[in-house]
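Input: a single structure, listed below in structure tokens.
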Amino acid sequence: MGGSQPAVEMRGITKVYPDGVVALRDVDFTVRKGEVHGLLGENGAGKTTLMRILYGEIEPSRGEIWIFGRRVKFRGPWDAIRQGVYMVYQQFSLVPAFTVLENLILASSSMGRAKLQDVRRKAEKIEREIGLEVPLNARVEELSVGVQQKAEILKALMSEAKILVLDEPTSVLTPIEVRELMKLLSRLREMGITIIFITHKLREAKEITDRITVLRRGRVVKVVETRDVSQEELAKMMVGREITFDITKKAAKAGAPLLAVKDLWVRDDRGLMAVKGVSFELRAREILSIVGVAGNGQRELVEAIVGIRPVEKGEVVFSGESITQMPPSEVYRRGLVYIPDSRAVGLILDFNVTDNSILTRLKQFLSGGRILWSEARRYSSRIVKEFNVLVDSLRTPVRHLSGGNQQRLLVGREVASNPKVIIAAEPTHGLDVAATEYIRSLLLKLRDEGKAVLLVSTDLDEVFQLSDRMAVIYEGQIMATGRPEDFTAEELGLLMGGVKCEAKS
Amino acid sequence: TTTRPPAKKAKIAVLFDVGGRGDLSFNDMAWLGAEKAMEDFKVDVTYLTPPSLADMKPLLEEYASSGEYSLLVLIGFLWTTPLNETADKYPDQKFALIDATTGVVRPNEVDILFREQECACLMGIAAAGMAHTLGGDTVAACAGMDIPPLWKFHIGYLFGVKYYDLKMGTTTNFLWTYTGTFTDPSIGKEYTRGLLEQGAKVVYGLAGLTHLGSFEAVKEWHKTTGELVFAMGQDASQEWIDPEHIPISGAKRVDVAVYTAIKMVVKGPWEGGIITLGLKEEGVGIWDIDGVKWFAEQASSAGRLAPELTPDKVADTVSQLRETYITPEVWDLIHDLEDDIKAGRIVFKTPMTHDEYESIISALMAAQSLEDLNVALEKGSVS
Amino acid sequence: MRSEKLASWRLIEYTTIAVEITGSIALGLVVAGSILALLGYDPARGIFLLVFGGLRNPDYLLSRAAFIAMTALAFSIPLLAGVFNIGGEGQMYLGGLAALLAAVYSGNAAVAILAGGLAGAALGLIIGALKAYRDVNEVVSAIMLNLTLFYVIVYAITAELYDPVAPHESIKVPKGARLGVIRFGGLKLHIIFPLMLALVAVAYYLLYHTKLGYEIRASGFSPKAARYAGIDPKKTSVYSMVIGGFFAGVGGALNVVGFTYYIDNLLTCMYGMGFTGIGVALMGRNNPIGVALASIFFSMLVLGGSRMQMLMRVPKEVADTLSGVIIVALSLPYAYRMLISYIRIRRMVGVGAEQHS
Amino acid sequence: MELSSIVSLFILALSPMVPLLLGSVGEIIIEKAGVVNIGIEGVFLLSALTSAMVSFFTGSLPLAIFVGVITGLGVGAIFAVIGVYLRGDQIVAGVGINLLAYGIGVIALFKTWNVFGASPPVATIPKWVVAGHGVSPMAPISVIIAVLAWFFLFRTNTGLKLRACGEEPRAAEAMGVNVMRMRLLATMLGSSLMGLAGAYLSIDWVGQFTRQITAGRGFIALANVAFSGWNPITAIVGAFIFGFFEALAIYLSISYAQPTLGYVFRTIPYIGTLLVVMIFRSRGRAPAALAKPYIKE
């Protein structure tokens, strides 16, 4: 036996979902003991599916799994956890109504009885050792996404996993947090823990992994040593064609002001003040980014602008008219549209494509209270065509679309109405390279056509790539505004963490 | 050789009201009569419980129009209007309506009614008598819903209690309560507990399955407080259920009514119209010990009788109780009134409206002399 | 390529639904038959009567289905908006009472039905508004109101609105306000059924072709997304309860002006039909057309049960049991779906699965 | 009203409280795991039946209670297989079970005793005497059970896992909870409490089985679940308030001479409960994944 046994060996894995989707075909996947192994691929390539199988959550239709040389058959994650496998999901797997500590107890109790005080002590020890800060007694639903992600990782460390699977763990973290996570992963590797790391960010994959497996449409394209490949090569393997990375941005020639927010104060769901006197102006032909760690009032801010959330104080002016507290449908109609950060909010997943195409624009498809379905269908097929939404039929429930295609539909719907101002929150969250590129160039194109874009993002690459101006938000206040050249990534990271640097505010 | 086809049996259908069989009183008694007729006349009897009131008329039409049945026996007053709207359309179909009347005389319809007051007044005397022997002064009734047959019970029962008071010079509190249900024994039990709290010594069960809870309450009261109290049953003899606490039951011979109707069709003579059954016709009354025993035997053969009991034991216990707690003077009162009624010297009024019912009750409650009781009477007077 | 895939997707979807429904019914009937055999009755005859016995009088069958369809819609429409309306029973009682009074005072059936609908809608409004604006769980308020209304209406009929000639019944709907029959040549059809079809069509139209219907469905699937789209899910849920209440009220009205012409003082004319509606609504997958079919199927079982009782002397309760079995079997669509996909996947993956190494 | 009457009312409130409390605590456990069992009535009925039978034929009360509980457990298991493993629609299955139970109850009555309505009286649990009233030992027992259920749900590892299944089954599964099995077990546990309530109905309160012995109490228990905000301790309050109003209604309708008014008094428990809910808004909310089948693929 000894060290030569691979930690994970999956052989001939085929997975057919109940509705006939073949997610994986004859996949062989091997992870060496103690390495960080990257798993890359487009949206829908089957990465998550493969890992869910490894974690015992779903059964393969065919194929075998070995863990440390032992053939295993997991009936559920509880079996996997007992064998030392632990997975941190793409969507968080925390119970929102519970406190962090309760979630930790829950996770620990699958290995036997977990005593409250023991779990707390152990959690605090880990927090101290690796500098994670998570408030144990706070309810998960009250935490920002970034903190939730930390809670997830804390949970995984508590499980004393020997094989740790991380499915897109960095997509909601700030650069500083990403760096911390990377350091953490290195330390775990030193401790002999095997890590499987899924990401769409090739830079991260390059930085942290030892080897990489690339999946495309359910098949393994290649297994490579990380040091032997470049990011460009990786991208090409994933997509099967050349990818241009540098999106060309023409110089900004900002036009007339379209949207002005004046001293806006907004409360969050718990009734606490989340936006405290924010003011800014957005002009035609410009992309203004609101940069910040998730949960610093960005959502409340944009919801208040479009009228979903009541405004405590302040004013929103759009094209010279006050739209403060105007009903959202009216705001949208006037040409201010909003792409929310969650596809489950922007789309009704159980509705079909046509139904969804008119969600925010229902009034335009009405004639005396009746919905003009033929027009709706025409509109929706236009969106599908124009924005390359891959879909069987307009009657397909949106739930059956992959995330990337859902995002295209969502963005397409909002853009197709020819708005003046687009508020886009995390428009590329979770998308693969190709889809990300598509959405980003679309936003630039819109800007060049004379529209204005308010980009709300936690992804600094995206922010630097797209914005003409940026504003850093921290705890509901704008810390600094400026052009991308005015900031280094480090400065930005500090500002996002609430540390003011002089001269930039 | 050819075998003659067997003589075709007459087919009879018994249509219950929505409650259907299983109420241990009214509907079950009806089925008893049908079963007896089945045996005695070799007729084929089938039955049906309609799913709801809305189904009654269509179902009735369906069976009347089929022409298959010699007689349709309709059990309960819910059939009144459906029958009234159907009977004329099918002159060749015979109908019997039990315990209600359409108020119309038709050649193809016979309505059989009961004079419940005649039984209830005797029960009232017995109840008042027992209450006083038990050292109390309150009698009560646990009734189902506010419907015409119960109005008659109410009037009769109250009449009997007042009659007792005025004859014996006592004052007896009278408690009457509608539980609002015929099917909920737990509510029956709680109402009865409430009545016992208020000092009731005897509780008359007039609520179908609901008053089974009264029996339990009375037994439990005795067990927990050590104070003996009684319940009285109705329609069927219910003494066998708990002979130590149910000394007496009122009879309402729905079985006789059904049997009579079937007999009229099978043996003749058939004559449409309205028949009322009272003490004289033995359509109502108090179950005698033979009746008590017969019901106990039925229960015993179906395995329903408590293991420690036998029909004889039931009969013995009951007659013992009746001897101990219903004194000869009380029996005399009962028999006197019974004779008057049987001889037709006294006829009770049947209230036609709720107002009339209420006014009779309030007049009876206020009665100061025997003459005051005459408000409940159609004919004759008490003295 | 695409269209090919689409065609096969549709085909699979429809065959799956067909298999689900026939499978459920077949499974239910097999179990029901075994119960009959176990109790010593002839299962074949029993099942035959149960299913087809109600067809002897189609006019009656269809009319009877009508008010159940109404109480079913009363459940379905709020459910689509995410509200659990267990109060159809009380809304129907009140609708029946209002229809009776309106019929007596106006002498017009249309007015009576409208009055019934409005009364039910008012009750729906109360439950819906209590939920949306006072956080009172709709299950609590609906159950409490059902029972309260039962006793209040029984009291009203018993003590105030009774018919002096038949005191256990309420005053009657006047002749002119009773729903009649329509005749085509020799065929006659009680007008209730066409009326139900019209109302089902209205419900369908409302849900799938109007703004309000869209908003109801959107709010039910995702209140968050609805709010984003500018829909107020609370207000929408109240509307859905008003509409649901309206249908239940119409159900009560149809019962009174179309069938019984009075309310009895035990409320047996309507008792329980609101709850029956819940099962029927779910059998019909909360789609108005499904609801119409399910209410007819359910009425077939009820009347077939009566037939079985009459001809085979099978107690009513046995028929109820059999209906229960069939309803449980109908709750299992997903099981059939899993079965079908299991078979398909096995076929796709091939038999030699285990030999791979 | 005199003091003694008030004391009486408090004591008389206990009998209706017991089945409501046990029923709603059972349902709370089930719903906390994300399953809704609307078939409370059906479980009540079947358990009432089996324990009445055992009590009648053996006279052994412990055995009767045990069989009632086991009946609840069995029905719960069947329900859970349908509603959890086969992903049947839980509401439809619950409605079906209610119908089925009623039919089975009556069939059993006529197969056993040749009657359609009610079993003969059976041996009942002896009562304690408190202030001149019979009080069932089940009253304090049901309160203790509610407290234990609270402890179980909110203070133990298993309770935490159970609640996780009702809040976020996907996350629970990712943390190693066997969601389906937990839901099965919760349904069985909760249903066995309903079974105990059913046994109480027949071998304690009513003293026999009747075909409609539940009289809609299962639905009121369902309402009490929402009333309590899914908290067994608050459920004690809810069940007691309802029982109190019921006793008050009976007291009033007996005390007033006009008999028909009894109907009006019968509305007191319902209107009273509704008012209480409106005045004291409950803070608890339904488990997030309630009634949603857990589908893995």
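Going by the order they are written in, the chains are A, B, C and D; count residues from 1 in each one.
Everything that follows uses one rule, which is that a contact is a pair of C-beta atoms (placed from the backbone, for glycine too) under 8 Å apart; a residue touches a chain by one contact, two chains touch by 3 or more.
Computed from a predicted model, the values in this text were never measured in an experiment.
Novice: More C-beta contacts across A-D or across C-D?
Specialist: C-D
Novice: At what distance in angstrom does the C-alpha mean of chain B lie from that of chain A?
Specialist: Centre-to-centre distance between chain A and chain B: 76 Å.
Novice: Cα centroid separation between chain A and chain C, in whole Å?
Specialist: 43
Novice: Roughly how far is chain C from chain D, centre to centre by C-alpha average, rounded to an integer in Å?
Specialist: Whole-Å distance between the two chain centres: 26.
Novice: What are the residues of chain B that contact at least two other chains?
Specialist: Within chain B, residues 20-21, 146, 180, 354 contact more than one other chain.
Novice: Quick check on chain A: which residues sit in contact with 2+ other chains?
Specialist: In chain A, the residues touching two or more other chains are 18.
Novice: Using the touch definition from the top, which residues of chain D touch two or more other chains?
Specialist: 106, 116, 211, 260, 263, 266 - these are the residues of chain D that touch more than one other chain.
Novice: Using the definition of touching given at the top, classify the network of chains in this structure as line, ring, star, complete or other.
Specialist: Shape of the chain contacts: other, as it matches none of the listed patterns.
Novice: What is the complete set of touching chain pairs?
Specialist: Those chain pairs which touch are A-C, A-D, B-C, B-D, C-D.
Novice: Flag every residue of chain C that touches chain A in the complex, lowest number first.
Specialist: 2, 5-6, 9-10, 12, 209-212, 214-215, 217-218, 221-222, 224-230, 337-338, 341-342, 344-345, 348-350, 353, 356-357
Novice: Which of the residues in chain B come into contact with chain C in the complex?
Specialist: Residue positions touching the partner: 13, 17-18, 20-21, 46-55, 57-59, 62-63, 77-78, 80-81, 103, 145-148, 180, 352-354.
Novice: Quick one: which bits of chain C touch chain B in the complex? Just the residue numbers, please.
Specialist: Going by the criterion above, the answer is residues 56-57, 60, 64, 67, 151, 154, 158-159, 162, 164-169, 255, 259-262, 264-266, 268-273, 302, 305-306, 309-311, 313, 315-316.
Novice: In the complex, go through chain C and note every residue touching chain D.
Specialist: It comes out as residues 39, 86, 130, 134-137, 139-141, 143-145, 147-148, 151-152, 154-155, 158-159, 275, 278-279, 282-283, 315, 317-325, 327-328, 330-335, 338.
Novice: Hey, which residues of chain D end up touching chain A in the complex?
Specialist: Per the stated touch rule, the residues are 157, 160-161, 163-164, 167-168, 170-178, 288, 296-297.
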